[in-house]
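Order of writing sets the labels: A, B, C and D. Residues in every chain begin at 1.
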Amino acid sequence: MSDASDATRGRSDLAAAFDDEPALVSYVAAGDPSPAATERYVEALVEGGTDVVELGLPFSEPVAEGTTIQNAIKRALDAGMTPDVYLDLVDRLDVDVPIVCMTYYNLIYQFGEEPGPEEFVAAAAEAGISGFVVPDLPVDESGPLAEACREHGLDLVFIVAPTTTEERLERMLDRTTGFVYVQGRLGTTGARDEVSDDTPDALARLRDTDAPKAVGFGISSGEQAREVVASGADGVIVGSAYVDIVAEGAEAGDPTSEVADRLRALADELKTGAVAGVPEPEHK
Amino acid sequence: MSDASDATRGRSDLAAAFDDEPALVSYVAAGDPSPAATERYVEALVEGGTDVVELGLPFSEPVAEGTTIQNAIKRALDAGMTPDVYLDLVDRLDVDVPIVCMTYYNLIYQFGEEPGPEEFVAAAAEAGISGFVVPDLPVDESGPLAEACREHGLDLVFIVAPTTTEERLERMLDRTTGFVYVQGRLGTTGARDEVSDDTPDALARLRDTDAPKAVGFGISSGEQAREVVASGADGVIVGSAYVDIVAEGAEAGDPTSEVADRLRALADELKTGAVAGVPEPEHK
Amino acid sequence: MSTQDEATDGTQRDGTFGDYGGQYVPEVLMPAVEELTDAYERYVLGNEDGFVDDFRARIREFGGRPTPLSHAENLSAQYGTDVYLKREDLLHGGAHKLNNALGQVLLAKYMGKERIVAETGAGQHGTATAMACAYLDMPCEIYMGRTDVNRQRPNVFRMRLHDADVNPVTVGSGTLKEAINETMRDWATNVEDTHYVIGSIVGPHPFPSMVRDFQAIISEELREQARDQIGRLPEAVVACAGGGSNTMGAFGAFVGSASLPGHPEGTHEPAPEVDLLAVEAGGSSLGVDEDEGYAPNSASLSTGTEGVLHGARTKLLQTDDGQIVESHSVSAGLDYAGVGPELAHLVDEGRVQPVNVDDDAALEAFHRLSREEGIIPALETSHAVAYLEHYEGDGPVVVNVSGRGDKDLDTVIEESAAKDIDGAPTMEVFEE
Amino acid sequence: MSTQDEATDGTQRDGTFGDYGGQYVPEVLMPAVEELTDAYERYVLGNEDGFVDDFRARIREFGGRPTPLSHAENLSAQYGTDVYLKREDLLHGGAHKLNNALGQVLLAKYMGKERIVAETGAGQHGTATAMACAYLDMPCEIYMGRTDVNRQRPNVFRMRLHDADVNPVTVGSGTLKEAINETMRDWATNVEDTHYVIGSIVGPHPFPSMVRDFQAIISEELREQARDQIGRLPEAVVACAGGGSNTMGAFGAFVGSASLPGHPEGTHEPAPEVDLLAVEAGGSSLGVDEDEGYAPNSASLSTGTEGVLHGARTKLLQTDDGQIVESHSVSAGLDYAGVGPELAHLVDEGRVQPVNVDDDAALEAFHRLSREEGIIPALETSHAVAYLEHYEGDGPVVVNVSGRGDKDLDTVIEESAAKDIDGAPTMEVFEE
């Protein structure tokens, strides 16, 4: 897994995950519906072709999430997920792709003895986390967390929204490390049937950015993944589509292994789609 | 029955009813529970010793009445009592004591073609009414009715209340004809067990008044009648105590004759009490 | 034209308004009525002991006067004429009623009375009286028909919270008329230490004049505000009329009959050029059903006949015989068979124009004002608002918003659904 | 002490209050928050296009400002100290909420926005927003927890009558916290033409400052009225604190942080000699139940810890891990796990003293004010009134009556009976 010295040596393992092929970034909420299940699901996602695991640490007020992930977070919290349990889970995970911690700032801030992000970042690095995505922490408020990440060699990924102004974009590109999270549409997370019309524009204005660009918010099929990559993305981020599968499995009481099979299959479809999206000329 | 020329000749038949002995003035609501019953009840009251019949013409808003008479009025109205039916009833009554019409001003005012008391007073005189008691018509507003009564030789009886000031008393005594209605207590009509402490005072201040003084509001027994006369009254006015009997009879479905018997008995008790109240020295 | 023997100077101070008014009450109450007349003349008209100064300070600091005059921008655009709203809905208690209740309870205190009684129908006057009594530390007893008690629960709660006793009146239909009768009976019994705070410009003199004077602070302000905000007098003033207290409150300063010392200069001169429209409850239809003793409306000014009720000669809904009928309106506060004698007189004189709108039009207007202007009017007030649909003048027109509609929510929702009222929003948010 | 990279001048305009405040929102909203900050600085602080003049005229003519400062004579006698009441209960809508809602909806119009969203708990802020939107002709959508929809029916009716859409939020416990989350999601989806009218001094900058400025018209008036009526500044000002908007409204001019152009001279100078007391909901007991993720109170100022919620760093009720807990209060409007960042800062500085009273004391105070002064306070306000029992100063003391209690009647009657609250009247009038 991740190792602080990788990052400090230059490009992080997170950025490196986008090197060869369009990357598949797969999100699940840790502890949904149990830590043990999450372990199996993450393995399955990686087996299906996932290049980066975005592992959600559930927070009680997930303002950036749509209904699907809200419910996943509720299931995870009800099942006893806490930051400590999360870190144990990460520590136990036996996958060879980088793991990004996706959570809200208050959990990072409260962890440990003293308020501030320092202790959680240290613990996360120790457990094997490669970086953070914190949807309620805009670049403007990110100083302390960015500082702690720098210290521990972790990436801090910012989300570029369709509304982001040029001026803000510049500041974010200055700060973002690992990859750029391109929010493909307005609103919150949640699986959709179509790629947003805004996505090509969003990517176009990042054309000159060195960092890899992964598009998220609403992608749920191989075809969408193909389209997005065809529009210039270096990767796709998928969450709600997996969580739907987890939710259905939890509801139906399906065995974890069956749910894991379905997750693996979807990851495979997505990865295949993404790869298929690479424009011919550049893809040799 | 009354005859206009009596009154214009000097003392009215109403005043004359107080000449020999303390008078019993008995009230019932006309048409409670039917006009036919009222005819029998009035006869019975007169047989029992009643000297003046006060016959209520029911008005929908009886503000001066307590619950007992309010309910009687409601029964009478529900059974179809109207001013025309009332006048027919009076016309049919075959008793040799004067009959006073007790009602509210609006019914007097509305009767006939033109607004004003004129037409009703004429019709009442014609039917055999001797005078009026109108509880919502203070002396201040009584001009037109007093005028019409004068014209038709009818009495207009005012109620002297415990609150009446000396100045008002003088004006009322100027205007009142027939007798003075002494309200024995504050409040509204309704049978009570005790004579009010205010009654002797009320009578004391009327000591120099020539007109006969009858006390009403709350008298229900021979003993009370005796007390009141002993305090200086020339008569007693009783209403709710009779109406209670009528109400019980109506409720129990008792034959009219039985109810009439009870009324006669109560009138007898009251009259006997009143006569017994006459102070020894003056009563030879 | 006075019907009083003791008419003094032929002016309104004798308690008559043309043929109307007077003091038709049981003798037991007459001394109290005379004492009150005296107190009215000394304290209210004469500002003795600074009574009026005290009243003005309290209605300002406790009641929240002045109430604003709001320009109704959206309605003005729709009707193509400037519509203004005089905002009695913002007075403490939620209606104009406190102007009168506070004035009378304060007067009772100056008179040395120790107890207050009052009637109430919809509960607005009872609530205002209970508030004033709590504030001025006076024991208070309210009579309310049993039917009204059951259908106006929130206002009963409010009265009880202010520590007033509430007595349900069970006789008759258990509504306002019976409550007034019963309050008069209480007063007749306890007249020596008790003052009866009557709730509108009805009853024996001095009530109609006194209640008008306390309420006319509405039109006094309105004239000043019109001058400041519009730069002229309005062309017309529109107010609903039940008993008529908000009506004469809104008209008083224009008619010139109202008089409360200390009013700003120029606010009480008669202004005959201002049209005054009294909007009555047309209910479901006009007229009186003689056989049933029932009127499906409360339009006594428009359709009533002269008679005597509750202490005054005025226009009434009655049978040919003179029995008072049960009135009807979707608005409990307008549901009364009589009307103030001064209004009856002003209508006869042609100074006030009586009009009426029916239940459905009032409900539609309730929704219109709520939706277009962000103000939920009382159902009573909604009648005045509804009249704007018929107003043909050039404006500016002022509607007196006599109260707010919080008390009417249940009725409006039920009736709007039952009658499929235009513009009523669905309440589908409750369907789960 | 700023947590912002872009802190400009070290003053509050950077959106922080000592360690608190900031802009912790998803990037998709940041441009809107920046646009709003710019609009706030130009229109509100700078009175560009006469925005503030327009706001002041409308809150006066539509809202009914100024609200009076009432001397509570009976309570003053009982406590032996002069008690005054600042009467936000008389503001249109029945609470201080309109000051802010009208200000923000008007600002949204100046900004060219075409749609309003807002969250609501008890329904007071939703109602105020719906009113302002009807008045200013703006489409309006309100998010409200399903639980709150069901238990606050009258306010839901009122919002619907003003033609606002009401969206029940079914996730979680279906109360205020969830409604805020959901409104932020709507805003994130429709951010280009939509303004989010937040209901208290919470959320990302510029909301805490802007809402304070609109609300501080309360303390601006209060200072003028104290000068005119009492001849001095009060010794203390007491206000309840949920999010804290009525609180900073009542304190703002005394602290000196509030700023709305056009205030009367001398009404905004810092007045450190005036004690400022923020009364929180003590609920049934203090503290947080870590295992249940539940606090039986809403006393975040008194007992909370620093954290980040709904866009700002502030004091919160949270578990050691940083999960936000469900708060509790008998008063729905105080039932929130956070509090405005400026209040958190003023408490740390010692300028504002946080105190709390429990549910029972609030219920008793509800009855006390209703009975003794003729004013039925909101349950939120009742907490401030209850604090008078503990106040030991010499006075005069001003209590901010943030709203009226009509909305709370059912709750109060039920809870008072269940808990056998001292001084609660019986409702025996309904027994037949």
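Definition applied: a residue touches a chain if its C-beta (ideal position, glycine included) is under 8 Å from a C-beta of that chain, and two chains touch if they have at least 3 such contacts.
Predicted, not measured: the structure shown is a model, and the values here were computed from it.
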{"item": "Subunit D and subunit C - chains in contact with each", "value": "none"}
{"item": "Distance from subunit D to subunit B - Cα centre to Cα centre, in angstrom", "value": "67"}
{"item": "Whole-Å gap between the CA centroids of subunit A and subunit D", "value": "37"}
{"item": "Whole-Å gap between the CA centroids of subunit A and subunit B", "value": "98"}
{"item": "Two or more partner chains touched - positions in subunit A", "value": "none"}
{"item": "Touch-based graph of the chains, sorted into line, ring, star, complete or other", "value": "line"}
{"item": "Complex contacts: residues of subunit D adjacent to subunit C", "value": "60-64, 67-71, 73-74, 87, 89-92, 94, 130-135, 137, 146, 149-150, 153-154, 156-158, 160-163, 166-168, 229, 367, 370-376, 406, 409, 413, 425-427, 429-430, 432"}
{"item": "Of all residues in subunit A, those that touch subunit D in their complex", "value": "59-64, 66-67, 70-71, 74, 77, 82-84, 104-107, 109-111, 115, 135-144, 158-165, 168, 171-172, 183, 186-188"}
{"item": "For the subunit D and subunit A complex, residues of the former touching the latter", "value": "3-6, 22-32, 34, 171-172, 177, 181, 184-185, 188-192, 293, 306-311, 316, 318, 320-324"}
